[in-house]
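Structures follow.
What follows is chain A paired twice: with chain B in the first complex and chain C in the second.
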Partner chain A sequence: MVKLSLDLDARTIYLLLILVVTVPVLSHTMLPVPISDTTKAVYQFIENLAKTKPNSLVVLSFDYSTSNVPELHPQAIVVTQQIFSLPLKVIFVAQWADGPSLTDAVLDVIDKGSKKYGVDYATLGYIPNVATLIGMTTDIQQFFPFDTRGNPTSSLQIIQQFPAAKDASFLMTFTGGEPGLDDYLQYWQTPFKIPTAVGATAISAPGYMPFYNSKQIVGILISLRAAAEYEFLTNEVDLSGAVSAMVAQSTSLLLIVFLVILGNVQYFVRSRTVRKGRSR
Partner chain B sequence: MSRWELLLQVVIFSTGFFYAFTYYVRVSKPIDLQAVADSSLAYLTALITTAFGIGIINLTRIHWRNIKLKRPDWKFSAVLIGSLYWMAIFSMISSPFALDPQGVIIPSSVIAAIVPLWNFLYYDILVSINTSIFSLLAFFIASAAYRAFRVRTLESTILLTAGLLVMIGEAPISNLIWPGFSAIHDWIMFVPNTAGQRGILIGAALSIIAFSVRRMIKS
Partner chain C sequence: MDLLQLIGIWVAVFLTLMVFSFLYKENPFFRLAEYLTVGLTAGYSFAAGLKIFANQALIPILVDKSYDFIIPLALGAMFYLQFSKKYSYLYRFPLSLAIGYGLGVTVWSVMQTYFVEQISATIIPIRAADPLTTMNNLVLVSGTVLSLSYFLLSHDQKGVWGGFTRAGKYFILIALGAIFGSTVLGRTALLIQRIQFLVGDPAFPWGALNLGTTAEGRLAPIGGIFFILVFGYYLYRSRGR
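What follows is the complex of A and B.
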């Protein structure tokens, strides 16, 4: 009789997980990442927008909290960097209270090139509720009299050029949940036909697939992996550290797969042993 | 139903109906209803902000009483109130939520002194704590996957197989092992997942409509 005595203690599992995450991270091993269609769609849309409608308005919404930083912050960094390297104007907003601070953190690490604050980009800050989200589609100044730096929005050239959010040619939300994409789909994308994309955590991405299939959103960036894919697309490898995290992600996922298989093998062996015992 | 409850119902119904009506029907004469709806949103913002303020007052009252009466775990209440107000004060002086970011009233030297402190509290403490707590999920998932994910029934077998294939496909290294993993991962995400999610979405939307209508016409 095969006797399987590989019962793993929770502490052993934790130790294994620490090893498979830390060793690749500390060794800075990199891995080629195949580009998924959902990521490529976002990248291509932004590139085409810059070519077909230069100097048009892009709205980037930071709808995540500090707990989502490992998955969504790298996405925000690489997408913002791509937009800043193209002839596009950007307005930053946030439906989550942490968003404005995380926007500043992104702006601190990217290369802004020749882009000037107030002319090419502006940070409007926190959208506290749906009323503001709806209201700013027709009049930004009424709902955001000042930007996060204390400037009257009426004095910003970008707001004079685009006084309403419905003038946006592209909207992207990096979202850790609600409020996030759903609100933008209801109040921005559907009434004003603003092309929309989403940067999502791995756990919420499956819920956005119907919108991608129905072409309501142009693309989805799914978790940290999409940030790594985006870094390869924009030739900004490891700008956000996503590429070097891919080996750790791969090894940890494979460890979980291994643990599931091992757990089931043990379950079958035990069930068989119990059945044999009963038949005797 | 009391008179106040009736009045509340009338207000809820009228507001809900007004916004639903102006969303679907465009009325420009004699009054531009869309403009009225848009401008009233600013008052709604003020209303919601007031509700937020009431929340802070309530939180303070409850925890202040805990401290005053030295109830069990009153020290946590003290930490909560301290963190809430210190962070709020620092944020109002130096953050994207600053009340006077250009230093018109608050001296620039005060703002300059608070900047590193706020950055430390926010980026070095809060971000690190929240990220660590979120990352702990990986350990629970790994342990739970080993202990709980069992092939007991047909349904659990389907779920487990789909879950494993999506997980393998999500790992970039899987493409080096066998490129077919990515194709299977994409098919599961685009076809069965989309079908299931659509069902959930449509079902939830119908339920919300039914609940909203019931709430508006409930008497």
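What follows is the complex of A and C.
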């Protein structure tokens, strides 16, 4: 008779998980990652936008806090880098209070090429409420009298060129939850038909899939994996460290799948043993 | 090498391991990290709110002499009258205004975003040129209809109708499984980046998180060793308690 005793202490599982993550991280192994359709859609849209409408306005919204950094910050780095390598103008905003400092952290590490602050890009900062989110669609200066660097927005060439957020040709939100994509869908995408994409955490991504299927959003970047895929698409391998993390991601998920199967086998074997015991 | 930056990295390593120590057992290090997180988050949000208040209300009134900003500022201040016994009725005015405005801007956009657009997206011809797309369309339409049928609780879920609702339940279970899988994916991503940080991995985005340079990051494990010594001493002292 098969007898399984797998009453593992939770701490043993934590230790195993830490081991299967640490070993690949220390070995620095990299694997190619297959590109998913949702990621390719975002990449392709931005590339096409630069070709069909050069110098058009892109709004990037950093709607996450430090707790979402491992999943969303790598996405923000690679997408921002792609946009800075193309003839596009960018306005950075954030619906989360941590967003402006995370925006600055991204801008510190990317190659900005010949882009100039105030002309090609600007950081407007924190959007504190829905009223501001709605108001800036028609008048940025009124709702953001100053940028995050203390300059009057009226003095910025990019704001003079695009005085209202509804002039944007593309909006991307990197979102850790609410406020995030839903607000943009309600107040920007639906009324003004601004093409929108989302960089999502793995937990929120399934909830955003209906918007992708209905074509309300052009694409979704899902968690750290999408950042790795994006690095391959933009030929910026390991710009954000996402590709390096993929082997550890695979090994950790394999361990979890193995433990789930083992737990189920144990459950069925135990149920059978109990049934047999009762029938005797 | 910037010593202050390095100390910052070690503090971050120490705090990370203080949180991780909960996996071993409940302890004062974890509790301290928890209180620090709550306090810092509250303080940061308060400061961010204050900055917005200064930029959007005080500076326009005091510097730009835009006195029309006094009206929304006064309405906002009236919210606090709910704490006054004598004038508490006055707070209903800004509240009514906020509710009216909120409903006005929300109802239309919610209906359009979540109902009209979503329902239109399911009204599609099931048969497509590509067999895989046909399959996708079939799953999309049947999944929507059957899942919704599960929530029609006014009829007994028996017989043929019971078959429909059972199929709907399976669609919901598959969706929950997908969400669980995604949750695991997300949580492992969080763990991986913390491990990259703790071992001083050069692939960790040190600069993109304002955590210094890769060279400084390589010394991160020293902070980890220090924590292990301190935590080990705590466990030794608290043994048998």
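Remarks
We take it that the second predicted complex is superposed on the first by the 279 of 280 C-alpha atoms of A that agree within 3 Å, B and C clash if a C-alpha of one lies under 4 Å from a C-alpha of the other, contacts with A are read in each partner's own complex, and residues count from 1 in each chain.
In the analysis below, a contact is a pair of C-beta atoms (placed from the backbone, for glycine too) under 8 Å apart; a residue touches a chain by one contact, two chains touch by 3 or more.
All figures in this text were calculated on a predicted structure; none of them were measured in a lab.
On the superposed chain A, the two partners chain B and chain C do not both fit; they clash.
Once chain A of one complex is fitted onto chain A of the other, the partner contacts of A:77 are limited to chain C, with no touch recorded for chain B. After overlaying the two complexes on the shared chain, residue contacts for A:14 are found with chain B and with chain C alike.
Legend: residue contacts after superposition of the two complexes on their common chain; A:26 is shown touching chain C, with no touch to chain B.
In the superposition on chain A, A:126 contacts both chain B and chain C.
Once the two complexes are laid over each other on the shared chain, residue contacts for A:113 go to neither chain B nor chain C. Judged by the touch definition given at the top, the superposed model places A:143 against both chain B and chain C. When the two structures are aligned on the shared chain, A:238 is found in touch with chain C, with no touch to chain B.
Touch criterion not met for A:54: it reaches neither chain B nor chain C. Look at A:202: by the touch rule set out above, it reaches both chain B and chain C. Of 8-16, 62-70, 170-178 or 206-214, the chain B stretch that intrudes into chain C once chain A is superposed is 8-16 (criterion: clashing C-alpha atoms).
Shared interface residues of chain A, touching chain B in one complex and chain C in the other, are 10, 14, 17, 21, 69-70, 101, 105, 126, 128, 131-132, 134, 143, 202, 205-207, 210, 213, 223, 225, 249, 252-253, 256.
Against chain A, the residues of chain C that register as touching in their complex are 23-24, 44-45, 48-49, 51-52, 55-56, 59-60, 64, 101-102, 105-106, 109-110, 112-113, 117-118, 120-121, 140, 175, 178-179, 182-186, 188-196, 199, 201, 203-205, 207-210. Across the complex, chain A meets chain C through its residues 10-11, 14, 17-18, 21-22, 25-26, 28, 69-71, 73-74, 77, 97-98, 101, 105-106, 108-109, 126, 128, 130-132, 134, 143, 145-146, 182, 185-187, 189-191, 201-203, 205-207, 210, 213-216, 222-225, 238, 240-241, 244-245, 248-249, 252-253, 256. Those residues of chain B whose C-beta lies close enough to touch chain A in the complex are 38, 41-42, 44-45, 48-49, 52, 95-98, 100-102, 122-123, 126-127, 130-131, 133-135, 138-139, 141-143, 145-147, 149-151, 160, 163-164, 167-168, 170-176, 179, 182, 186, 189-190, 193-194, 197-198, 201. Of all the residues in chain A, the ones that touch chain B in their complex are 8, 10, 13-14, 16-17, 21, 31-34, 36-37, 65-70, 100-101, 103-105, 123, 125-126, 128-129, 131-132, 134-135, 138-139, 142-143, 148-151, 202, 205-207, 209-210, 213, 223, 225, 228, 246-247, 249-257, 259-264, 267-268.
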